[in-house]
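First subunit A sits with subunit B, and in the next complex the same chain sits with subunit C.
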Partner chain A sequence: MILTIAKKEFAEMWRDGRFRWSALIVFLLLVLSLSFGWRSFSLAQEELRAAQEDSRRTWLEQGNRNPHSAAHFGVYAFKQKTPAALIDPGLDAYSGNSIWVEAHYQNPARNRPIEDSTSLQRFGELSAAGVILFLLPLLVVFLTFDSFAGERERGNLRETAASGIAMRTLAAGKLLGIGAVIFILLVPIGLLGLAAVAFSSGIGAVADEAARLAAMFVTYALYLFAFLGLGIAVSAWARSSKTALVVLIGFWVFSALLLPRIVNEISAVAYPVPTAQDFWAAVDKDTKEGIDGHDPQNKRTKELEERVLAQYGVTKKEDLPINFSGLSLQASEEHANRVYDKHYGELQERHRGQKMMVDLAGLLSPLIAARSASMGFAGTDVHHQQHFTGEVERYRRDLQKMLNEDLAFNSTAKTASTYAVGREFWEKTPDLDYQRPSFGWVAAQQWLSTLLLAAWVLAAFGAALSAAGRTRID
Partner chain B sequence: MLKAIELSKHYNGTRALDSLDLEIGEGEVYCLLGANGAGKTTTINLFLNFVEPSGGRALINGVDVSEHPLETKKYLAYIPEQVNLYKNLSGLENLQYFSALAGRDDHSREELRGFFDEVGLQREAADKWVATYSKGMRQKVGIAIALAKDAKALLLDEPTSGLDPKASNEFSELLKKLSGNGAAILMATHDLFRAKDTGTRVGIMKHGKLVAEMTTDEIGHTDLEGVYLEHMSE
Partner chain C sequence: MDKRILRTELKLLSRDRGVLMLLAAFACVLAYGFYNSAAWVGGRSAETRQIVEKHENFLAERRSEVERGFTGSNEPGNFVANPSDPFTIGTELHYAVLPFTSAAIFAVGQSDVLPIQHGISLLTLQRTKADKAGFENPMSLMYGKFDAAFVIIFLLPLVILAMSFDMISAERESNTLAMLLSEPISLWSLLVSKIAARAVFVAVPIFIGLIVAAALSGAAAMTAEFWWRAAVWLIVVVAYAAFWFGLAAVINSFSRRSATNAVASAALWLLFVLVLPSLIGIVVSSVYPVPSRTEVTAAIRGVNLDMRRDGEKLLTEYYQDHPELLPKDGKTDLKAFGLAFVYIQQQHKAKIAEVESRFAEQLENQRKWVSLSRFLSPAISANEAILDVAGTGTARFVDFRTQAGEHDRAWSEFFRGKVFRLEKLTPGDFDALPRFSHKEEPPAEVISRVLTSAGFILIATTALFFFAYRGTRKYGAQK
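Up next, the complex of A and B:
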């Protein structure tokens, strides 16, 4: 019975010229946004890969140099674009995609695409995820707002009810039939996305990427099904299709346009982050005075000197068989690392706090839950950015240690001023090969948003069935 | 087959229907006459359980409609002033859909086409979208649905208003055929001529009350009009 109704809903919708036109427009927008995404992805990917290779080449070809001088010379780490980002660029425009890896400083990621963009681009990049998250629910609203109210107004509902069918069964059939229409709209999008990603990532990385894509597909399907259930619920509840349309558009405005902005503002107040100036002033203070303020830099150096002299049984640094300044550099590096762990740790904690607060608002807005899951699976959210900066920092610390230890143990105070290493050594330093976290890592983070979305669907479907059970026939 | 026992409906103090007692047996065509707002449509809505009665009971085939709203609808077909079909489905698809909803999804396409023949719809029309149908054609699809459903009782709410005389006549012939097959028919109408011609009994309603009842055998057409006007002027 439900299947009969679903088939009829499907046929009716498919034959509706208005539906075909709006579906076509949305579909073209998606194709357009995917090709934009594809273009900017392949451009950026080429540039970033070339830049990463350049940085390594420059490092290898820097000639003979003192290791610490090389440490100041530094290398660059670039965050490669991931194929799923062509569907949902997420925060990519706002988060830096390159980090200067140098001695003493854990630099923040720089080079934010938004800084170079025109005001038009600032208004909003046309991304496939944007079309799906913001425009497709409107299409679903147009498909559902008169599913009950309109049939009531046109008198169809009386005929249908008179044939002895329960209104709940009718609602179930409509959910299935219109759900199938939505699904069919999504399938070519999914295939296009898969094709684009398969082309751009090479066959090797496809398994993990496919899992992410599948998760994005499920996210979008759940999101639109939530709107489907709501649409039918409101249509069954409302007295007229006009009322249903106004209520549904109102919900869309609230949940997709207003609430995300409001929640962003609130989270920024609840978890304030320091300005760059204050941040670096605090880092500077702790570096000089020690983290607890009782461990100043010159005291630390003095203690290290005494310890090393005692260890080697000499009284003067000049008599050491090693280069004390290498050890001293590494010691200050390690102290600085603790300072950075504290300050960046706090900063990231706050960013995660903001993110958690926004994610929880997914309870009030399916868009927020879907957007969070979409960015997460696409690898363009704050968690992925922190993973990138974390990995680069680990690389920086390893590299600094290697350079400082080479300086310490392969030179002495006498030879220090002329000590230099060459290409052979540079080749031994590791190359930064940043690997994006696995799907399992992402899935562990996205359970909340996914759960919220599933809850939205269940609640919306439940509301649709219960509102249909109570709908007036007249 | 159709039975109302002290059936009443009040809307905020106004009595839309006041203690209606009515019984319509197999093969009977009962025509309800009366001005707009006399309670004819309310009576039909109560039999359909689209509104809850304020008092009394409505029975179809001996089953109370408010207690078993879905079961009682299995026996009946409903044809309003305008049979509201799905416009961008063909007549055949509408027939198939509505008979499937009524639990009769066992008809083959050929059988369904047979119902179209029976109600006098042309076969090529069956595959056209209902949007292209005339009102008379839609009413015929309504009858075809009743046939496909094998309805024991028909509730008709001014089914012939707005039909041209020929279409109206064809419709009446179909009703006679249905009642000949044993269906009980309750028809609300303004058409005294049709009531006399098609009906076996006639009831006149006023302000929610059934004020007069007669069999059509015992009264001529002009007499019916006289009786009707007499009741209206009181």
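Up next, the complex of A and C:
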């Protein structure tokens, strides 16, 4: 029986002109967003790739230099676009895409694209994910609000009941039928997404991203099914189709507009982020209490000096077979690393705390849960940003160590002022080879949002069946 | 308009618990929006006040040291820079600050992503802490602030549509429309009276909001600036509200079911508030893509100079080209680290300025498009206008960036000669230091721009009411 109802619902929906038109419009918007998004996406992709190569080339071609001068010259790390960012750009516009890798400083990521855009962008980016997350649920609402309330108003429910069909069976059939329509709608959308990714990043990217793209597809499907269940539940519960529609749109407004911003404000109060001034004041304080490579007379340097002199069995730095300032610089880097681990660690914890609060609000808003999961799988969320900055910092520390040790062991106090190394040495320094985290890493972080989405689907389907069981037939 | 209908409607609305709850909720979120903006503006202003004070104190201390004849200390382990050395003062990072207007409470606008402080130094910002900032969570920036502008632009239309999408259709569905129209009233005057009654109700939370805004603004609300800005804000909000009532009138003028009206209302809201702005945004940034800042980075790195390696040679050449910068006694210090550093930094600055100007050009092109695109959606025009009123729109920030850049050049200019001539600063030099204060655009220009937007919204509104009027002439009362 359920199947028969499902088939009828499916056929009815499919033949409905309004459905066709709205599906067409949504599809058109997706095509528009992908084709316009593709242009700025590939431009940024190209620029970032070129910039990374450029940074390495400049580093190799910097000429003869003292290693510590080179450390101050530094290199740049650019966060490359992920292929799935074309579908969900997530935080790409809002997070810095370049880090200056230099001596003494762990620099924050700079250059947020949003700083070079107009106030229009603040209305939201029209990305494929945006269309799916914001517009498609409304399409589902328009498809479902009438499902019980409308039939009741037309007197169909009484007839259906008279023919011995339980309302729950009817609801199950509707879930199945309309669910099939949604699924069929999602298939071309998925193919469109795949085509866009293949077109912009190559077929190889699609294979590499298969797990992520599949997870995004599942996220969207779960999300829309949650709205399907809710739509039918509210339609069965409401007295009229008008009430059903107003309640559903109200819920959409709450979950897509109101709640995200409210939770965002609350999370900023719960986990305040220090200003740049306060942050650096705290770092400077902790650094000064320790060792400073440019100020060799303080306590830590003295200890280091005594240790090194004893080790080499001499009494003056000038008599050392090595360059003491190289060791001192490295010691100060290592102290600074501990300071940075503390302060950046705290900062990132706060960012994650804010994210956790927002993610938990997914309990009240399926949009928040779906958006978090979508960004996570696309590789454009807070976790990925932190992974990138973490890897760059690791690279920076290795590079500094290499430069300082070269200075220490290949020059002496006498040759220090003229000591320089050239291309041969620069070639030996590692190039930044940032590898995005594996799918397993992502999945471990997205369990909450995915679980919440699945819970939404179960709860919504349950509500649909239970509301149908109690619905009045006239 | 029919007075009897208006009175009846007012009475009905005042007894409709749904409507009252909706309006109360709206007043609350509007007040919450103002509260958030006030907290934001207060916090940011306190921060900037602190950093400006810090530098003022620094200058005052160094000045008094110079007066006392203190010349720094080279004592091992306790190095203190010479306060009369132009390098010491010129390279001390400080900030040009864009003050919030007294009406900033009306919109956080772009102030969460665009800096209200701009680092000033003889060095490039890359070499200062100014470029080691940006610790905000990108996720919070994406979700955006819950401010009053958000409430007005996104939620006010929904409140209006929720109250008025079924003004006529509900009467028909409860079979009272035919009865009403049997009296000597036209459908048009019925519709207009109903809208007027609803407008009265919607005005209440807006005025409550305005009072809350004034109360939260504290001393700022005591200025004439606050009130002219508030007045212009009110004009924009009224025009924007009128547009949505006009749209509701058009929707009601077709004899469709309430549910169909609701779908149409939601779809139009989506179109104007979400789809059009973000669609135009993506088109504009694809037609005039602003190159990513990687180019600025490349520009700095293109100047591959090294103090240790190239310092002496560069300085010799520089003094040859600029004999006026030679010290009076003709003796200079080609080995001085500071001199070569300043020289290289100035080269970097020139290069950065060149790239930045290209950025500014492209951004200006984008902004022109946005300015035109406001005529496509009243949500865009109202948003631009409210940001303009609050002084948190892109234009004011771009203007600030330009002014701060000019100030930075004046600062460099003041010190460069002194550095290369190896001069010492006198207390008089401290008094003559260039100081920044942001020059505001004349109010008349802001007002005329905002009123243009409001005027456009009102023209669109008039057109909507005209369509609605034509629609009511063809309306079928029975179904």
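In this section, the second predicted complex is superposed on the first by the 456 of 474 C-alpha atoms of A that agree within 3 Å, B and C clash if a C-alpha of one lies under 4 Å from a C-alpha of the other, contacts with A are read in each partner's own complex, and residues count from 1 in each chain.
Simple rule for what comes next: a residue touches a chain if its C-beta (ideal position, glycine included) is under 8 Å from a C-beta of that chain, and two chains touch if they have at least 3 such contacts.
Just so you know, these numbers come straight off a predicted model, no measurement behind them.
Contact with subunit B, but none with subunit C, is seen for A:4 once the two complexes are overlaid on the shared chain.
Judged by the touch definition given at the top, the superposed model places A:65 against subunit C, while subunit B stays out of reach.
Once chain A of one complex is fitted onto chain A of the other, the partner contacts of A:366 are absent, as it touches neither subunit B nor subunit C.
By the touch criterion stated above, A:15 is placed in contact with subunit B alone, subunit C being left untouched.
In the superposed pair of complexes, A:154 makes contact with subunit B only, with no contact to subunit C. Once the two complexes are laid over each other on the shared chain, residue contacts for A:253 go to subunit C alone; subunit B is not touched. The partner that reaches more residues of subunit A, of the two candidates subunit B and subunit C, is C. Touching subunit A in their complex are the following residues of subunit B: 45, 48, 50-51, 70-74, 76-78, 80, 82-86, 88-89, 93, 97-98, 100-103, 105, 129, 145, 149, 155. Residues 1, 4-5, 8, 11-12, 15-16, 154-156, 158-166, 473-474 of subunit A are the ones that touch subunit B when the two sit in their complex.
Across the complex, subunit C is touched by residues 29, 32-33, 36-37, 39-40, 43-44, 47-48, 50-51, 54-55, 58, 61-66, 69, 73, 76, 78, 90-91, 93-98, 100, 105, 107-126, 130, 134-135, 138, 142, 145-146, 150, 240-242, 245-246, 249-250, 253, 257-258, 260-265, 267-268, 273-277, 279-280, 295, 297-298, 347, 350-351, 354-355, 358, 381-382, 385, 417, 420 of subunit A. Those residues of subunit C that touch subunit A in the complex are listed here as 29, 36, 47, 50-51, 76-77, 79, 109-110, 113-115, 126, 129, 131-146, 150, 154-155, 158, 162, 166, 257-259, 262-263, 266, 270, 273-275, 277-286, 289-298, 301-302, 304, 306-309, 359, 363, 366-367, 370, 373, 379-380, 383-384, 387, 393-394.
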